[in-house]
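Before anything else, here is the set of structures, which you'll find just below.
Consider the two complexes below, in which chain A is the common component and chain B and chain C are the respective partners.
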Partner chain A sequence: MSAAITTRPPTAPVPHAPAAGGTRRRSRLRTRLELALLLVPALVLFAGFVLIPIGVAGYYSLYSWNGFGPITDFVGLDNYVDAFSGEVFQGAIGHNLIIAVLSIVVQLPLSIGLALLLNRKLRGRTFLRMVVFAPYVLSEAVTAVIWLLMLQPGGFVDEVLRGVGLGGLVQLWLADQSIVLYTLFLVITWKYIGFGVILLLAGLQGVPPELREAAALDGASAWQITRHVVLPLLGPTIRVWIFLSVIGSLQLFDLVWIMTLGGPANASTTMATYLVDHGFKRYEFGFGSAVAVILFIICFLFALLYQRFALRRDTEGALTGVR
Partner chain B sequence: MRSRKPLALFAAAAFVLAGCSGGGGDASTDGPVTLTWWHNRTTEPMKSKWQQIADDFTKSHPNTKFTIEPLQNEQFQTKVPLALQGNTPPDLFQQWGGGALADQIKSGKIADISQASSGWIGPLAKNADGWKVGGKQYGAPYLMHAVGFWYRKDVFANAGITTPPTTVDELNAAVTKLKTAGVTPIALGGKDRWPDAFYWAYFAVRQCSVDTLKKAVEKTELTDPCFLKAGENLKSFLDTKPFQDGFVGTPAQQGAGSSAGLVANGKAAMELQGDWNPDVMQALTEDKELGSKIGWFPFPSVPGGQGDPSVLLGGGDGFSCTTRAATACAEFLGHLVGDDVQKILAETNSGLPVTPAGVAALKSEPHKAIAEVMTKASHVQLYFDTAFPTKVGQALNDAIANFFAGQGGPDTIVKSVSEAAAGNK
Partner chain C sequence: MSRRNAVGYLAAFAVIGVTVVPLLFVVLGGFRTTAQINASPAGLPGPFVWDNYAEVAGSPVFWRLLGNSALIAVIATTLAVVLGAMAAFALSRYRFWGREGVYTLFTLGLLFPLGVATLPLYLWLRQLGLLENPLGVAIPEAAFSLPVTIVILRPFMNAIPGELEDAALLDGAAKLGFFWRILLPLSRPALITVSVLAFVTSWNFYLLPLLVFNDSTNFTLPLGVAMFQSEHTQDTAKVLAFTALSMIPALAFFVLAERRMVGGLTGSVKG
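Moving on to the complex of A and B:
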């Protein structure tokens, strides 16, 4: 095959010194043609699998429709009003926000601490990195089933706590309505901490050792070096992590669905579990679409605002630059 | 595997022996056809049985071939509506009947097989009623299911309980004895919600007369005061705290800590579950002798209730045909309820055969007992979540599950049905 390619004459003849003005015009035309040729397949896919489904969901969301037969029962914005006025959905939004805030407040410092630790030269570093990263490789469904079994009363978690003399901490992890959401958050943290650590470790590779050395020569303590040299340089990585983490928290589904189905008594319902519960399980596809659109708008608004205000410096040039 | 589903009712099935006058046996004249078949038996032994049964059918009916796709139960909820909305739905697919079937008919793609089934539907009697909508047959069951208490004879004996309880008072007394003996009286998989609904449904079935039950399903409403009373009885029962700690977070069928696992490993004495439970339990324990240690008894009667104590709560597994190849499909459904296939199914213990010939072939003692109760039952109440339109049934299940978790009361449960039926979210 490679022989065939090398022996083939070039398909486009190389232009031979044409007039100056003509070259520029022609090359601009050519650039456009190339852009069109290269972008069209991606755009078609993007439109077909992203834009059109969003539009269709928006259309369905204005109807009361159970998924069978023609869509005729136009209800305007009723589905949206129903969703927002329902206590369960309000609770679901609250749960998503709690998970998002906890992720930033708890997971971020933890990830940074672990990343700084694992960036140092210590025995078994590779092994420790692997241990921290391993849960991230597990599928969310597998994680959920394992933890569901371990968190049953008298299960593995309870036994371990009792074994180390912390029996007093034992709770009805998944059955107590005031605890279940935080139990889920612990599992989420276990699962995703490795991702944050890997991301931050990569970020730490980008911190030039000369800067640390210079700061050390100037008499800065280890804490001062970390606080004033390393962390600011990790800024872009941290901001990207926050972005991914918040979007992930807003779309949280698999773990919750398998571990609690949003229960008990909706104490762990998220927007996405609400969507499946009230959209698919009840054959309320119009209503489910409205919830999906709400979820999309919340994520989209967050993404836009975050790009505009937090990520602007990091992405400058990449997204905004002309040339 | 959770193989719940609908069931029979009452019925006046005329034995139409008119033969193949309808569309019945004329598949051969339609030319060769390949049926796409979605069933829910993703595990052995049934997965291979279905393949075998289809292959055998093709041998005797060379014009009918199959493309078989086993799917998980949960997938049907999303895949069937999508498929019925599209142009190439499966030719026959798992059907639990009731309200969901009525919803699906609105797609216009479910075949009315009243004519085509007239030659073989007779022996099914009341079992076929769950697959009827507006007097027309839109599918047929191949196995029935019924819910009752599975209990451990050894644990009962240790606690000094000699005979299974027949009234709720006796049940409460048994619960007390089991607690004294230091064992969890009843295991409940509350995380999955549907096991909670069995309790409310049975208290309703024992409290309300058969007529009231039928009317409630027909009109999609629980306005009769007996339904409120059922919730109050359930509340008194829950107040005796018969379940394991943290039951609202317990899965029904996953792991040794699930409700089925607790009974299988002797940590709990009984569980209100469907006839499929022995297989589920066996998979969750090392104890090879489990089969000889478990027994079955029907839900006890409620003092003062209008309900007939012989009524069972249950459902069934069936198939519906879509319109493209309805004739061949209906002929195959007839084959599934024929004596040969029913006997094969009886041996798998994965449900209760739909015909007397199949029931006679049952081997497992508990299944024989259940089949006997079912044959004598004056009425088999289809699970309410299946009998009602889907959105109403799910709302009812959610309200019951919330009630088990301490939220709402008997009135909230009753109201959930009227509100969901009225379109409130």
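Moving on to the complex of A and C:
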């Protein structure tokens, strides 16, 4: 009985007189021990392998260091200046931004349209949902290899295009500097569109049918209902999708690394491929760390601003760790 | 209405086509010879050739990759879910100073996928002697899966009525006993969801194993697929067979856990 009372949260009203002081102190100690037992392992893991590495990157970024031997060559902010003044890195930031903007401009309307169409009472809807979602389950590595093979000059994509009379569209998909980024974007869209559709379909389930019926009774057209009733109610889902999509675009690595290595001639370099290229391939650990910090700050600033201005209205805990 | 449904079916058909055709290209391509594929990339197998699949399935390489991936994913998932459930329990059923601060700290982790921390993480793992070690991949993956795990589990555990806890405590159970015997079993759906998410994240992860493993006997499946492709550029058919086989575990897992996965992803977005 006394245990039940004393382990109650301190802010909750205590219905009976507190138990004797000794018992109470002991059970408070017990609560502390339990908390430590429950929380410390997760905190240690999280701090040791997420927080500290990010912090340490900040330290390394101020040095010129090849990853071996003592860290002595303090260079201040030179690594940052070098990164920002380098054309390749500027290009990389630009490529990440292009992918992010294209995602919002192309994938979002496409996902919404598909979700609205698939929200009808169609036969085999469950099957359809699974099919749409399937590419999302594959790793980016497998996706990259599949499309690498399909996009080979004279390969599957080219033959299909020629077969349906669109031979004029055939390009050097991955070898043409002015095309490669958009090719990669199409592959990204193939892989991730299902995620958006599923997310939005779930959001559509939350739109009460009564609202549509009421609007229809008031004489609203199907388009008006969609535009003024359904889309506003999808707002939170859309905002979360945009957030995940932009963060994903800023972190883009696997697909690019396997398909192009950032080439040809850096035409598809992203911040993350630049980071790995310099940090690991060229042993510029100080410089690479600076790039990592920049990437981190860009993501963090975006997250902060987005949270502040777009997501604040939505339910707490609306973010998930979905890439 | 039926015209609108027709549009729906048309869209559905297009979506299925765009999604499935690349997958079919891989699976069917594995049944052809490279000569057939070069002659007509979009053709069908004729005659069916089983050699590619037989060779890939008969070599130890594929199975070793599969085993490595499975081992790492199991360790990462177990670590993330066990530690995450414990932390979520503390963050949902205890009141203490700094609780919301700790929770916010974990949610911050959602914003930073592994990519950002890899460089210092690599140096840290080198210092710990965990390079070329499955734990060197599994432990950081678990750490990066913790935020999602906690963010999904905490509200779930919060929603379990306090009366249950009071009753258990009145019956003389210790708080940890309540956690173990009542809360965990009741949280099973959420636990399955976070396990599936952590497993798939680990299974598909590419960057960290790429940095941690140099020795190809330690490679995971995503690394292996990319390596096999670059080593056999002249043998498209075999690459396709290899890729097709490597898709099977992920797709099979997805078919089995589809509800959990989709539910977990969409359910955690409270629109």
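Simple rule for what comes next: the second predicted complex is superposed on the first by the 269 of 323 C-alpha atoms of A that agree within 3 Å, B and C clash if a C-alpha of one lies under 4 Å from a C-alpha of the other, contacts with A are read in each partner's own complex, and residues count from 1 in each chain.
Convention: a contact is a pair of C-beta atoms (placed from the backbone, for glycine too) under 8 Å apart; a residue touches a chain by one contact, two chains touch by 3 or more.
All values reported here derive from a predicted model rather than from experimental measurement.
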Self-check item: First (chain B), second (chain C), both or neither touched by A:G154
Solution: both
Exercise. Quick one: classify A:F285 as touching chain B (first), chain C (second), both or neither.
Key: both
Quiz item: Who does A:G206 touch here: chain B (first), chain C (second), both, or neither?
Solution: second
Quiz item: Regarding the shared-chain residue A:V240, is it in contact with chain B (first), chain C (second), both, or neither?
Solution: second
Quiz item: Once the shared chain is lined up, is A:T226 touching chain B (first), chain C (second), both, or neither of them?
Solution: neither
Quiz item: In the superposed arrangement, does A:V145 touch chain B (first), chain C (second), both or neither?
Solution: both
Quiz prompt | Of chain C and chain B, partner touching more chain A residues | solution = C
Exercise. Applying the touch criterion given at the start, work out whether A:L35 contacts chain B, chain C, both or neither, answering first, second, both or neither.
Key: second
Self-check item: Intersection of the chain A residues that touch chain B with those that touch chain C
Solution: 67, 145, 148-149, 152, 154-155, 280, 285
Quiz item: What residues on chain A touch chain C, complex-wise?
Solution: 1, 3-4, 7, 9-12, 31, 34-35, 37-39, 41-43, 45-46, 48-54, 56-57, 60, 67, 113-114, 117-118, 120-122, 124, 128-135, 137-142, 144-150, 152, 154-156, 158-160, 163, 190, 194-195, 198-199, 201-203, 206, 222, 233-237, 240, 247, 251, 253-254, 257-258, 272, 275-276, 279-280, 285, 288-289, 292, 295-296, 299-300, 303, 314-315, 317-323
Quiz prompt | Touch list for chain A against partner chain B, complex | solution = 64, 66-69, 82-83, 86, 145, 148-149, 151-155, 172-177, 180, 260-261, 263-267, 277-278, 280-285, 287
Quiz item: For chain C, which residues are in contact with chain A within the complex?
Solution: 4-5, 7-9, 11-12, 15-16, 18-20, 22-23, 25-26, 29, 40-42, 79, 83-84, 86-87, 89-91, 94-96, 102, 105-107, 109-113, 115-124, 139-140, 142-148, 150-152, 155, 166, 169-170, 172, 174-176, 197, 200, 203-207, 210-211, 221-223, 225-226, 229, 236, 239-240, 243, 246-247, 250-251, 253-255, 258, 261-262, 265-271
Quiz prompt | Contact set on chain B toward chain A in their complex | solution = 77-78, 81-82, 84-85, 100, 103-108, 190-193, 244-251, 254-255, 257-258, 389-391, 394-395, 398, 401-402, 404-407, 420, 423-425
